[in-house]
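The same chain A turns up in both complexes below, where it pairs with chain B and then with chain C.
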Partner chain A sequence: MRRYFGRKLLIYGLTFFVAVTVNWMIPRFMPGDPIASMVARANVTNAQAVEAMRAYYSNLFGLDQPLWQQYVNFWGALAHGDFGISIWLFPTPVTDVITQAVPYTLALIIPSVLLSWVVGNRFGAYAARRKLLDNTVLPVGYVLTAMPYMWLAVLLAWGFGVLLGWFPVAGGYSFSMRPNWSWTFVLDLLHHWALPFLSLFLVALGGWAIGMRNMIIYELESDYSSYLSALGAPSRLIRRYAFRNAVLPQITGLALQLGVLVAGALVTEIVFAYPGLGSLILKAIQNKDFFLLQGTFLFIVLGVLIANFIIDIVYVVVDPRTRAGMAGAQA
Partner chain B sequence: MRNRARILIPLVAAGLLAAGCTGGGSTPTPPASQPQSSQGAVTNPDQLPRNETLYTTGTQWGPPPNFNPIREWDSAVGTKGLVYETLFHYDTTAAKLSPWLAASGAWTDDTTYEVKLRPGIKWSDGQPFTAKDVAFSFELGKMETIPYHHLWNWLKSVEATDDQTVKFTFSTANYQQWDFMLYSRSIVPEHIWKGRSEKEVLDGTNENPVGTGSYKFLSKDQDRVVLQRRDDWWGKTTLGMEPKPRYIVDIATPSNEVAMGMLLQKGLDLSNNFLPGVANLVQGNFGLTTYYNEPPYMLSANTAWLVPNTTKKPMDDPAFRKALAASVDVKKIVEGVYGNLVKAASPTGLLPQWDKYVDQSVVSSSGFTFDAAKAKKLLAEAGYKDGDGDGYVENKDGSKISLSLIVPSGWTDWMESARSISASAKTVGIQITPDFPDFNALVERRAKGDFDLLINNERQLSNSPYTYYEYMFQLPIQKQQNTVNFARYENKKAWDLVEQLDQVKTDDTAGMQKIISELQQIHLDDMPIIPLWYNGLWAQSSTSVWKNWPSAEGGAPKTGAVMWRNWLELGGFETLTQLQPSGS
Partner chain C sequence: MSLQVSELRVYYRTLKGDVRALDGMTFELRDGEILGLVGESGCGKSTLGKSLIRMDGRMRRVGGTVTLDGHELPIDDDRRMNDYRFREVSLIPQYAMSALNPTRKIRRMVTELLRSRGTALDTAELERRMDQVGLPREVLDRYPIELSGGMKQRMVMVISTLLDPSLLIADEVTSALDVSTQKAVARALLGFRDSGYVKSMIFVTHDLALTHHIADTIMVMYAGKLAEKAPADVIVKAPRHPYTRLLLESLPEVGVRYTERRLEGIAGSPPSLLDPPAGCRFRDRCPIAGEECAQEPPVAELAPDHHVACWKA
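Right after this comes the complex of A and B.
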């Protein structure tokens, strides 16, 4: 058991190191100089003043040092939990920017991922081998899963937001409100959350439902199912065992899909002008904000790795065979 | 398992339904709560009453980063203009300064300017506003990284002679620039800012700003700032003015599409975004208005220029630049790309507000218009011929001409315009390929002079065409040209004239016209930069909650409806005082 997790942790550590390094490198090799555009935005006409500002900011952000030194500084600062200062939202620290955005993103991603997975699995399992449901769930599922997040989001925003006017098209809560602990405010939050959530939920739902339906059919045709039914076991019991076996690949699938889901959430946030990490990343790229980009990506990498690790643990818990395998390895 | 599933599915469905219903159900709530909250003298700022709140967008694209009035380019909306104020405002219609914090200002001799302040003005913390604050604010410019540092190259001293009087003594009196300073620089309170280091002054976020202005910041979040009116603002009695909205919520929309959606949902009152196709909405019955209800719909805010890099062949040849100017079919861009939302520029490029400075005799003798035949003739006369028969002319030495025109990727209107310019240049035989680098990459190439052609519109309307000629002719050329003279055009005589223009008093219209006429002659003869069209002061307003928006018609206000930074002093604030609730 310890060896299993030790190896896993080592792999996660390596992944983390590589991901963070790549993420440090990419913005620095993009064309364009963030300080130049920052100074250009300042609209300072005087040549002397421009030079003074340039020198000052290059020094402030440590961009006047050699690249290797910047890289070492970066890990050093990271060890202190210091993500630096945002160039685009100067002089706000990146940590502040991210902590304000993260709750919105998590509130979208966690429920939509978990709910779509649970509901999709149940629904797929229920639909398998039931002619009427199968004939509806399957095509609907395919249509949903093939839909790009962004496109469904735009459709929902246009239909329910602009045409019907049931839901707002922008913001995390009404522009007429200030955050406070009241039911009106909580309802308002939910009201703004509903459409982005729905678009993420629906797209993911289709994929899980189809996957589960196929797995169940496969399991129902396997030997142990035939044996059980030959013994005269009730079909409900057979289905229960089939579900237990079919859910395992779905858990692996969840781990694999996480990255895609997070990316989808980011795009959806932009469509709904939802104040999460998505819009931040877009703007950080546009403004060559190295530090904000690093911070947000680091956060996402960490999040996905942690989620994967949790799934690994869950896998051990739900599948007795892995435990048996580990015991064997230890012996 | 099936039992659990049976329970779970309806539960989830019910949950979703509930979410949907609360959503649908709560939409009418905000309007329903209006009457209650607006009647009481004390309003609950947790829920802003719709009929007293103005929703704006189009300035800010992300979280409000700071409230520092020295950072005129990225401070939160309203920092300068609503919270901090300037000595003067500039009236773009009457083309004159209007006293604001100052009661009056005058040149007592050729190099001394004296400002008398209005009495009885208080900072929002209750301290009196005095001449010392003004002197202090201008002296901040002595710090090297402060944007108006160069003022101290020609300003000798600033002195508060008594509580209400400030005396500025100049080594060189640059009258034109000085007027610009008077309405552009925020006055900050000495008692709070004294002792701040250069780093704090330039980079401080300045949370909880203390200003003299009519609003204070109530709250901020990722996607908005909320401003609340100060009912003890000095201007209410002294100027007899009051901005009508009790609250202003400025929203950071991530894209113009979102702004358009919110405008149609009536969740926005003023959008300062460029919304393509808004002409159809204004014509249709959507409750949207713009300044004109016919083309060009908007007031003009700045000129879009085609900038040739005059250090490269063949753009170093005035004859080639003139041929290029004559080859661009601006009318096609105005109609095809913009749907008539913009206006073709005059050959001088001066905004319509500066018409009186355009020397018509110079324009009629040396001006240019779109004329493909003439462009071809100019090219042929100057010796640019198509020797190899590929349909494009070559350099005089026979080498190929292949120019690239860069505009920022994602600026769809400019990208289309670049394609159009390329197509019309093709008909006269100039090969131009549009190229769309990332904005930052473009800024860097522009600064280094690593480009052939680009489009730029960074100079805005101001008190004087001086700012435009400074933009065209400023010398010396630096290694990095960050804000002006991207064309790297060197003409000593022109720059001397611009500096002379700066030293003409701003009420001496004839004196200004004389120098400007000479500058126009040089501009049109040498064509260092080619005016294309006037970009609009994009302003779409909804009449569902607020009415009496600025309009060309009858008794409507003539100021701009705009929240952009540095525009509140140019009439944006006055517009707020003219609004009326639609309900009344």
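Right after this comes the complex of A and C.
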């Protein structure tokens, strides 16, 4: 058990290192000069002043140092939890900008990923081997899962937001409101949350339902199912066993899909101008905000890695075979 | 009479037409009798085993009846057949190695299975039977993956017979085992019969030598029909059907070196059951076939309990 998790942690550590390095590299090798745009924002024409500002900002952000030094500094700062200062929202620290956006993203991703997984699995399992449901659910599932996130998001925004006017199409809450803990505000939050959530939920749902339906059919054909039927066990018990076994690959699937799901969530946020990390990334790119971009990516990488690690632990709990493998096989 | 099968016809539905896997089987099985069912692949022996407990979706009963202890079994009604499964007819499947749910500990699986059939688990009885086949009791608290192949096989044997069925079908149970394990399994099956856990047993196999050790009666099938049925010793020592004789001749004998003579197989192959030829189905491969073999031979009782379907016997 210890060796297993030790190895896992090592792999996660390596992944983290590589991801953070790539993370650091991407904005620096992007075309464009953030300092130039900052200086341009200040509308200074005096060449000397421009030069002074340029030197000041370069020094402030540490961009005047050689690349390798910047890289070392970056890790040093990271160790202190210091992500640097945002260029776009100068002089707010990146950490503050991100902390404001994270709750929105989490509130979107966690329920949509978990709920779509749970509901999709239940639904797929129920539909398997039931002709009528199978013939209706399956095509709908394929259509849903083949849809790009943003396309469904745009459709929903257009249908429920513009055409029917039931839901707002932009923002995390009404512009007329100030964040507070009143019921009206919470309801307003939910109202804005509904459409982005729904688009994420629906796209993922189809995939899980199809996967589960196929797995259940496979499990119902398996030897232990035939044996139970031959002993006259009711189909309720056989289906329960099949579900238990079929859910294992679905858990692996969840771990594999996590990155895609997060990417989808980020794009969806942009469609609905939802004030989460996705919108933040867009703004950071538009403003060549190295530090914000770095910080956001880092946060996402961390989140995905942690989620994967949790899934690893869950898998060990639900599949006795992994545990048996860890303890060494017994005769 | 515990089991009576009369004129049973079970066909497989395929796109090309019906495959007549069982074409009019009639036989009886007494209480306490172990029947060895032998024949080459595709002769219908597994189909017969399946028909008695659970037909798969492609199988169709065309005619005939199966009566167990005076009740006619609704073999082609999956739902009504459930009442008889496990309690009256039980199965040790060919795939015993993978017959246990991999994600349940064995104790829990057995408890849930029994509860689903409306019975509580009698742990003392279960453990007694495990002792009898030499399974340590810790096995109950393990997952199937933690057991060896032989242990899984024995566990399945114990589970299948837990409700003391009247008829047990052991379908190729020894095919995947090495010789020493085969012997242990055969002995365990005999023990089950002698302890009264099962009244009678059909032992489906293609291993004539092993069958001889445990079966009271051996039934040889060919191309969906009964060829010969007789007490085990008679089949081995004085077979009357030419197919049985050739089958025995194709087995190597212990202590004999086959340098002079090559071990003969039976030339040719069984007829297609999709559209079987009229008359005796063994005719084309039979060394003594004659004119009359164009007619189908009836099953005749040549001596008490010795049934043969051959004109020349």
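Assume the second predicted complex is superposed on the first by the 328 of 331 C-alpha atoms of A that agree within 3 Å, B and C clash if a C-alpha of one lies under 4 Å from a C-alpha of the other, contacts with A are read in each partner's own complex, and residues count from 1 in each chain.
Note that contacts are C-beta pairs under 8 Å (C-beta built on N, C-alpha and C of every residue); 3 or more make two chains touch, one makes a residue touch a chain.
Only a predicted model underlies this, so the values are computations on that prediction, with no experimental measurement involved.
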item: Clash or fit, chain B versus chain C on superposed chain A; value: fit
item: Partner chain in contact with A:Ser222 - chain B first, chain C second, else both or neither; value: second
item: First (chain B), second (chain C), both or neither touched by A:Asn245; value: second
item: Touching partner for A:Ser58 - first (chain B), second (chain C), both, neither; value: neither
item: Touched partner set for A:Asp319, first chain B, second chain C, both or neither; value: second
item: First (chain B), second (chain C), both or neither touched by A:Asn214; value: neither
item: Of chain C and chain B, partner touching more chain A residues; value: B
item: First (chain B), second (chain C), both or neither touched by A:Ser174; value: first
item: First (chain B), second (chain C), both or neither touched by A:Gly232; value: second
item: After superposition on chain A, the shortest CA separation from chain B to chain C (Å); value: 13
item: Interface residues of chain A shared between complexes with chain B and chain C; value: 236
item: Of chain A, residues touching chain C in the complex; value: 222-224, 226-234, 236-237, 241, 244-245, 248, 318-321, 324, 329-331
item: Chain B residues within the chain A interface of the complex; value: 1-2, 5, 8-9, 12, 16, 19-20, 22-24, 26-27, 29-30, 45-50, 53, 55, 61-63, 65-66, 71-74, 144-147, 149-150, 202-205, 218-219, 221-224, 226, 249, 251, 253-255, 258, 261-262, 264-265, 267, 410, 437-444, 447, 458, 470, 474, 478, 480, 482-484
item: Residues of chain A touching chain B in the complex; value: 30-34, 36-37, 39-50, 52-53, 56, 60, 86, 88-92, 97, 100-101, 104, 115, 118-119, 122-123, 125-126, 157-158, 161-162, 165-172, 174-180, 182, 184-185, 187-188, 190-191, 193-194, 197-198, 236, 239-240, 243, 270, 273, 275, 279-280, 282-283, 286-288
item: Residues on chain C engaged by chain A in the complex (per definition of touch); value: 53-54, 81-87, 90-91, 93, 95, 98-105, 112-113, 116-117, 142-143, 145-146, 148, 156, 159-160
